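The structure that follows is given in the form of structure tokens.
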Amino acid sequence: MSALLDRSKSAARAAWAHQYFRRLIWPLGVLLVLIVVNIAVTGFDFIIPSVHDGRLGGAFVNILRRSAPLLLIALGMTLVIATKGIDLSVGAVYAIGAAIACQWIIGRDQMSLGVVFVAVAIAIAVAAAIGAWNGLMVANFGIQPIVATLILMIAGRGIAQLITGGQIPSVSDETPFVELGRGAVLTIPVPIIIAGVVLAALALLTRTTALGMLLESVGGNPEASRLAGIRSKSITVLVYLVCGLCAGLAGLIGAANLGSADANNGGLWIELDAILAVVIGGTALLGGRFFLLGTTIGVAIIGTLEVTIINIGLSSQWQFTAKAIVVLVVALLQSPEFRAWVAKPLRGKRPGGAPSAKAESTGEEALVK
Amino acid sequence: MSDEPIVQMTGITKDFTGVRALDGVDFTLRPGEIHAVMGENGAGKSTLIKVLTGVHTPDAGQIRLDGRPVRFNSPKAAQAGGISTVYQEVNLTENLSVAENLFAGREPRLGPFINFRAMRRRARALLEDIGIDLNVAAPLGSYSIAMQQLVAIARAVDIKAKVLILDEPTSSLDRDEVAVLLRVMRRLAENGTAMVFISHFLDQVYEISDRMTVLRNGTLVGEWESAALPESDLIGHMLGREAATLEQIERQAGEHKPDRGEPIVSAKGLGRKGSIAPYDLEVHAGEVVGLAGLLGSGRTETVRLIAGADRHDSGTLAFEGKSVGSHNPRTAALRGIAFCPENRKTEGLVGDLTVAENMILAMQASKGWARTVPPAQRSRLVAEFIEKLDIRPANPDLPVKNLSGGNQQKVLLARWMLIEPKLLILDEPTRGIDVGAKADIQRLVTELSGDGMAVLFVSAELDEVTRLSDRIAVLRDRELIATLETEADMTSEKIVDTIVAKGGDQ
Amino acid sequence: SDDSGQGGSGGSGDEGLLIGFAQVGAESAWRTANSDSVQAAAEAAGHELKFVDGQQDQEKQITAVRDFIAQQVDVIVLAPVVETGWTDVLEEADAAGIPVVLADRGVDAADEDLYVTRLGSDFAEEGRKAGAWAAETFADTGAAVLELEGTVGSAPANDRASGFREAADEAGLEYEVLETQSGDFTAEGGKSVMETFIEKYDVKNDVDLLYAHNDEMGLGAIQALEENGIVPGVDVQIIIVDGSKAGFEAGVAGKLNYIVECNPAFGEQLMEVVESVDAGDEQEKFTPVEEGVFGPDDFEAELPNRQF
Amino acid sequence: MSTDTLTERPARSTLFDGLSRYIPIGATVALLVVMYLVGTGNYRNFGEPQVVANLFVNNAALLIIAVGMTFVILSGGIDLSVGSVMAFSAMSCAWLTVEAGIPAETAVAMVLVLGTVSGAATGAVIHYFNVQPFIATLAGLFLYRGLTLQISDRDVAIRDNAFFDWGMERTEFGNVRDGGFSLPNIVFIAGAVVLIAFVVLHYTRFGRGVYAVGGSEQSALLMGLPVARTKVGVYAVSGFCAALGGVVAAFSTKSADPLGGLGLELDAIAAVVVGGALLTGGAGFVLGTVAGVMVMGMLSTIISFDGRFSSWWARIIVGILLLAFILLQRVLARSGEKRKT
């Protein structure tokens, strides 16, 4: 009996891994195509990292480094979306985080590690508090997430500008703060490390504890979760808090990278890119199942795409169009219905062609949502 | 009337990812007959219906309607082809009014515009015809699930199709409504409508059907004239095991009367304005208290207060002698009160999560997110309850939304049995559950109460209530009107009498 | 609440004017400095200023102008985000008898009758200044140019690009714009586009000039260059437009070679114009803001004068 | 046996419950009035009728687009492409008339058809390929902005075409100088759109189908409603409204701006949701959307009448006012629900 159980368990786990991989395969494919295109245009230098000034460089590593803030935000957003929510305020929180840190450092001894540390701590604390506020609005006042976070999306940039007085404060190039964006540990750029650590931490937090399941439960059916005794309010608040925290952290990295904080343009429209990455990664906006790894791939696609446009020499006017095309391609490839539709003429040629069983049953899963 | 079949399905096969739901099934529906499709939970009944009505595309097989081969690609097409269906879960839209739900897609119109006045009038007439009186302008979602089921039936009947399919239409109805429904069905049959009827209530099936098709595990067992198939044989065909054992279980369930233990909960003047009048109720350890009443009498509202699902605004609630302060589903679960709600789709299950996750949910919730149920314990418990409740397919990693209705109900039950509560509140736990499983569940309830658990039990089936309960609280018009001790001679008629008598008082 | 009837500017007189200022937005440090300058100057002159930030949206600016008309301000100052599309609202102002002064950017020539005067800078002229310097500097060698343009479709981006080419062509410079990419007027954009340029081109050897449409993009690009071991200002020459304090600091440090000023601090000048417009004086159609160009020798001296 | 008829009155108070579904919109309108009174009390000339009229004049395009968005949101979807489609339509109008020399009437008709067709195409992708609306329409957001910029990366004037004068021709209601107001034709276009949308949503099968699909798509499918037609339809409506918004924008400015309508999709969504619609679909009203647009417009009017705020304080104040508004709306709606049960 128990042997049988074990067998079915490991089989189930394999099936689960298989499912998980199937979700990722199309975004991964698109990412690979983008990389191949870049290699074709600029040679293998694109993918092979080089070491420069004790820091890993090269086109692809640079993409990863620059995408770190987006990744952080997209990870937080993934959790929020899993609970059927959405957070529009992340761009503003990014700006606030950046503004606080720079403004704090500028007025003080820029070389002091202590000052930098305090600046970072304050920025992160404020970002987390803003996130928690969003969560409270959603969980306790029952305001729709999009409206609740819209308020801070509008006001947040104002707050950031208020902090900087409408200026773009820039810190000295020598302050340790800039290491957050430009530095490297063991040649690995710090932003990549931070994003990697946060990714690992969130993955561990949600997958080794029950948090992930509870999140998916709250997102999948809030009322059923309530009746099952889940503390959905505090989970919701927690998730928005984490999202705010990630956005603040992203703002710090962005500010450190530039050595300045642009309250008005820092992280502008990053919420759309973040949501895009989440959805490309296979997490549905309707809540429920979420995929942190998928989100990561989504971020990589977006980051690579921007470089690709420049590398193949398209003018700026093409930026939007190219992005539209890639988004559509990823979305369509992920759609079983679309694949079946494309495959149909091919399959029809086979005598007595097997009916499209697979594609359809997955379609029904979607139907029953 | 010719005997040329109206619907003929041959060799129908349907695969879902990993499951073969139907395997070469034949099905024939003749004009004017009422044809029951029988089988255990997960046997493939609903799938057969869905294949016929264009929700699913069959992987193999042929469908003929009036002798012509057809393949509908949507329920809309099936409706246009003359097949009207009530699917198993209530599939109406809660945000629209009752009248709109009744006439959605075929509203009476004045030119291009909907004639709301006519629609409401016709809706009232239609509902009156099957004996219900609702505010047809109110949103459907404000009515109980039973009412919604009746509305769905009314809608399907009114479409005046040549084929009417009813997939477990009676699962939340009580006997009066069922009687009305059967009467309507007979009338339709006389007018030549052919009907497919799916139900786990054998008495209803025998009362109404002319012919039966039995499925087991996605395969066809056979087709019989109802009159020629004794009940025990039918059960044998459905379950593939002897019917005798089943009866024995049922009888066993009826025989128990342990001593009444400590009171687990006692409600004093507990009530909620506009929902349920203040009532007193005590449930003791090792006792099963049944709630009986007609549709909408307030049974659900009563137990929701005790479960903390709704907030009470009068009275007090004591748990194990101590008065409870803050009361919500979470604190209730921590105290050991489990509440298995009546509407599994909207209040019970999380469709995207797997069977195992759904089962473990309440246990995990009470532990908090940081303390995970150890994987070993988790898989042991899940396996145990899959076996105990005979959940099929026995794959804990399937999304629960892919399970058949009855198996979903069992998953929900398992969730709460798993936490070994002190008080188990079951609101219509046997809805849509096949005879075998129903007996299993009844036995389980008896066993649990034998082990000292208090059980509060709501069911539309008075027989079930009488058989299981040590005491029966009777409700009428959202008021608790009597508490009856179950003596040996307790019958459902007595309960009905109580209800009627008190009604006469007013 | 009694409304003051049709008196219009009745209450003003010695109390100072009621001025409505529809600003473009707060999209850059330049713009903020501009707003500050106007607000400060209005206060100093004792006028009441109604300030509305249009968030780079023409609709919002039109709304603001309509609100000013409804409030019956004495003079409307408009810094239009785009050139076209102002006809109707300017006519409304005209019908209400409220004079309009344009600040910074201009409007369609066809609407010339609908405003009194325009005070501001000329983006195309700025581009030309940059182009002229490039023509002079690279007259012998010719130039391979990388261009960091502003937000695609925005007026400064368009005019600074075309002005540059115009002047360079005119002077007969042998040049090639290797690539133009948008950095959205931000440091972030400038830096990330530059990083990609560095991957794509051998910037050190093959690129002579970097032309950035504003400070922030230029400064971001300088960082990218430095991080990749390319010496800005030496391995590749750099022109930026705007001239903020940070820009001049970079100039002093030798990291860039030429600054085309775009002066935001024309508040006082504006107030003078507004006052004379209100007094009904005859006006020139265009009053240029004083703007300079600065080469490496001027940076040090000019830095202390920078206000933003 | 059962001669009694079974009665049941609605009980559990849900958001959909009976009258309570009118509470959010009632609260919204009440708060609008309060805001207006506060404005008249504090600012000179705020009470002029033209100020209210201007709310409609300034927001005509937004109103039309938000109405289209209402259809989509009611059906449980979302359309992020509207801002870009609007810019694209305005630009197409300009290009077709100025460059291609096509008569303005034809150009406008072409643009409207194009908007509708592209909306329908988006809807088809969403429905038949089961692509999430957010993604499909986000692709639209990028695509149409890109196409607009391909046509022209600078603003184009169309003032020479007499046809485009019609939109801003005003009808006077009383003398503007003493208490009257005037409205240009674009406001009547917007009004007509609202009216038609109201009738379609509430009195036609298509409209009720939109609510049904938003309530539960699966149920709607099983009830035999034309789900495909409805879903494709709402995006077509939204595409049409966005294109019409572009035409109205062209009317109101007699020019086309390649960056026009940037971020407009969020304004439209905000207006719809502030007007009481649920983003999950199935609940909301067109008139709520009108109120939502008015709220957003009123906020900015107050800001500009005050005129003392720096750019950042203006944003913060808008945020705070919006917050106060939403919270009050919630409180009113909640207490309304309580009273009912």
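Order of writing sets the chain letters: A, B, C and D. Residues in each chain are counted from 1.
By definition in this document, contacts are C-beta pairs under 8 Å (C-beta built on N, C-alpha and C of every residue); 3 or more make two chains touch, one makes a residue touch a chain.
Listed by chain with UniProt protein names: A = ABC transporter permease; B = Sugar ABC transporter ATP-binding protein; D = Sugar ABC transporter permease YjfF.
As the structure is a computational prediction, the values presented were derived from the model and not from experiment.
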>> Counting hops between chains that touch, how far apart are chain B and chain C?
In response: 2
>> Please tell me whether B-D or A-C has the greater number of C-beta pairs in contact.
In response: B-D
>> I'd like to verify one number: the distance from the centre of chain A to the centre of chain B, where each centre is the average of its C-alpha atoms, in whole angstrom.
In response: 42
> Counting in whole Å, what is the centre-to-centre distance of chain A and chain C, each centre being its mean C-alpha position?
Replying inline: 35
> Just how far, in Å, is the C-alpha centre of chain D from the one of chain C?
Replying inline: 34
>> Quick check on chain A: which residues sit in contact with 2+ other chains?
In response: 161, 166, 317, 319, 368-369
>> Multi-chain contacts only, two chains or more: what residues does chain C have there?
In response: 25-26, 32, 35, 152
> chain B: which residues touch two or more other chains?
Replying inline: none
>> Output every touching chain pair, sorted by label.
In response: A-B, A-C, A-D, B-D, C-D
>> Help me check something: in the complex, which residues belonging to chain A touch chain C?
In response: 42, 45-46, 52-53, 57-59, 62, 66, 161, 166-168, 170, 182, 254, 257-260, 262, 264-266, 268, 306-307, 310-311, 313, 315-317, 319
> Which residues of chain C touch chain D in their complex?
Replying inline: 1, 3-4, 6, 20, 23, 25-26, 32, 35, 39, 49-53, 56-60, 62-64, 66-68, 70-72, 82-88, 108, 110, 151-155, 158
> Across the complex, what residues on chain D touch chain B?
Replying inline: 1-2, 4-14, 16-18, 21, 199, 203-205, 208-209, 211-212, 214-216, 218-228, 282-283, 341
>> Under the stated contact criterion, what part of chain D meets chain A in this complex?
In response: 80, 125, 128-132, 134-136, 138-143, 145-147, 149-150, 153, 218, 221, 266, 269-270, 273-274, 278-279, 310-316, 318-320, 322-323, 326-327, 330
>> For the complex, give me every residue of chain B touching chain A.
In response: 15-17, 56-57, 59-60, 307, 309, 329-330, 332-334, 339, 341, 346-353, 357, 360-362, 364-373, 379, 383, 394-397, 399, 401-402, 415
